[in-house]
Amino acid sequence: MSQVPESDFRSIVGVFSTQVHWGDCDPAGIIFYPTYFRWMDAAAWALMESVGYGPKRMRAEHLAMPLVSADCQFLAPALHGDRCEVRSRIARFGGKSFVVAHDMVRNDATRLAHGSETRVWGRYADGPGTPMKGEAIPEAVKALFRAR
Amino acid sequence: MSQVPESDFRSIVGVFSTQVHWGDCDPAGIIFYPTYFRWMDAAAWALMESVGYGPKRMRAEHLAMPLVSADCQFLAPALHGDRCEVRSRIARFGGKSFVVAHDMVRNDATRLAHGSETRVWGRYADGPGTPMKGEAIPEAVKALFRAR
Amino acid sequence: MSQVPESDFRSIVGVFSTQVHWGDCDPAGIIFYPTYFRWMDAAAWALMESVGYGPKRMRAEHLAMPLVSADCQFLAPALHGDRCEVRSRIARFGGKSFVVAHDMVRNDATRLAHGSETRVWGRYADGPGTPMKGEAIPEAVKALFRAR
Amino acid sequence: MSQVPESDFRSIVGVFSTQVHWGDCDPAGIIFYPTYFRWMDAAAWALMESVGYGPKRMRAEHLAMPLVSADCQFLAPALHGDRCEVRSRIARFGGKSFVVAHDMVRNDATRLAHGSETRVWGRYADGPGTPMKGEAIPEAVKALFRAR
């Protein structure tokens, strides 16, 4: 059976709306950069929720998505009050790991930053808080992300 | 047997050293106030550790100290780079709850802020992440905090 | 001229929508309490914006609202994924200071927490990042908050 | 005049001591990953301070070091209470930008994570809070980092 390479698939895009708050900014008057990583994490969870894997289900099924790596490029400074969207999609599925690509865009269409997270599909040995083990990502899960 | 009222006891004082980081400050160039609450939380854990109840033991014994309330008064603005101490002590022991009082002092002796947390002595039903229930604070635990 | 005491006035109510994110929670699996103070700060700014004093205007007019004190009572634990509203109103106007009261309510109508912030109406001596000084709150500003 | 390529120079190493606090962890019971970026930022400032460019001087001279990009690889999970060091050094000096490499190591010698930040040597047009502009990194500054 011939297959499209997984890295080429077109993923559905999740949208996470957010805003730059006063406390997200630093004395330079612009966004403190770890804020983007907080946003990317929240956006990854929102993307999962958009295909039926919300926080409640993830907890009930003892699922988690620990990180392997993360990176971000900063393109334009964001200011207090800026309204933004994080647009997220699966950039690649591996066996047990996957890459989430994120675009941070201000509502005036300025692209503020883009980044990616490499995560593992993991399960807790005995419920949240206990050790996690990576698992093969189920085909059914991968299928949920295929854009139609 | 006559007893000194619990609210009058003199508690040992814990010291938690910290510093105002760039990302702890806001566009006004001073500390973003929720930072003080992050410090108070870390200082409460450090106070517990100072009497033998460190994070590892708390986890192993399924103990936690959820909050009932917290407050803080801000006296002087802290700047990026300021080195500070949080001096913490038990202000009061109740049956299941206790009050931790915190003083935030800069290393030039300026008192920056002071606050308090009311916490419950709690135990997880089935390990971290499962529901918590308040328990009577053991006399042995109270005794650990009595200043000699 | 007789006046309604300022502490009795009925303020307009601001609504700040938010969600409990994964990183807002602690190993107990519930919201880390300083998160509520981050929310209250963002909600206070949103309340100001709702009467025409958004971040851009505050910056341009060199205005800020530094804190005198803050407190919060925690009523029910919030979990990852919970969608919440912070309902904020001016509880009291003094000469240079004001009190913002906040109610944190989950979308199932559970009241999670309530708190207050006492703030000063302040102006930077020479733009953001320079020292601030309290000023008498203009009557025109107070009037903006009176519920009709 | 022949020169050693700047990317090959051996930089002095800064050490930033820190600890994993309760609120730095997530419901999985391990460190919430943006915490590492908060640490890297604080460690970069500490590295600057170790060569004489502390927060006070940076403010007085209107200097800042805005980010171009940041990345981190996560090697082992950190737990509440873990005491850690961030070991930081300049990995590369460009004309206006520089790369800071960070190693996050637990006090049992476990390497938890490593990452890097690309930053610009910037100056505020008119003091903190006003726009920044990149500047050529002074040779005198570069020299401060050369390990002897």
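Order of writing sets the labels: A, B, C and D. Residues in every chain begin at 1.
We take it that a residue touches a chain if its C-beta (ideal position, glycine included) is under 8 Å from a C-beta of that chain, and two chains touch if they have at least 3 such contacts.
What you see is a predicted model, and the numbers here were worked out from it, not measured in a lab.
Novice: Once you count every C-beta pair in contact for both, which comes out on top, A-D or A-C?
Specialist: More C-beta contacts join the chains of A-D.
Novice: Which of B-D, B-C or A-B has the same interface as C-D, meaning more than half of the contact pairs match by residue number?
Specialist: Overlap exceeds half of the contact pairs only for A-B.
Novice: Using each chain's Cα centroid, which is most distant from the centroid of subunit A?
Specialist: B
Novice: Taking the mean of the CA coordinates per chain, how far is subunit A from subunit B in Å?
Specialist: 34
Novice: Between subunit A and subunit D, what distance separates the C-alpha centroids? Give it in angstrom.
Specialist: So the centre of subunit A lies 25 Å away from the centre of subunit D.
Novice: Give, as an integer number of Å, the spacing between the C-alpha centres of subunit C and subunit A.
Specialist: Computed value for the inter-centroid distance: 30 Å.
Novice: Considering subunit D alone, which of its residues make contact with at least two other chains?
Specialist: Answer for subunit D, listing residues that touch two or more other chains: 22-23, 27-29, 32, 34, 38, 41, 59, 80, 128-130.
Novice: Based on which chains are in contact, what kind of graph results: line, ring, star, complete or other?
Specialist: Contact map by chain: complete.
Novice: Please give the residue numbers of subunit A that touch subunit B in the complex, ascending.
Specialist: 22-23, 25-29, 32, 34, 80, 126-130
Novice: Considering only the defined contacts, which subunit B positions touch subunit D in the complex?
Specialist: 19, 21-23, 27, 29, 38, 41-42, 45, 49, 54-56, 59, 79-81, 128-129
Novice: Can you name the residues of subunit C that touch subunit B in the complex?
Specialist: That would be residues 27-30, 32-34, 37-38, 41, 59, 64, 66-74, 77, 124, 128-130, 132 of subunit C.
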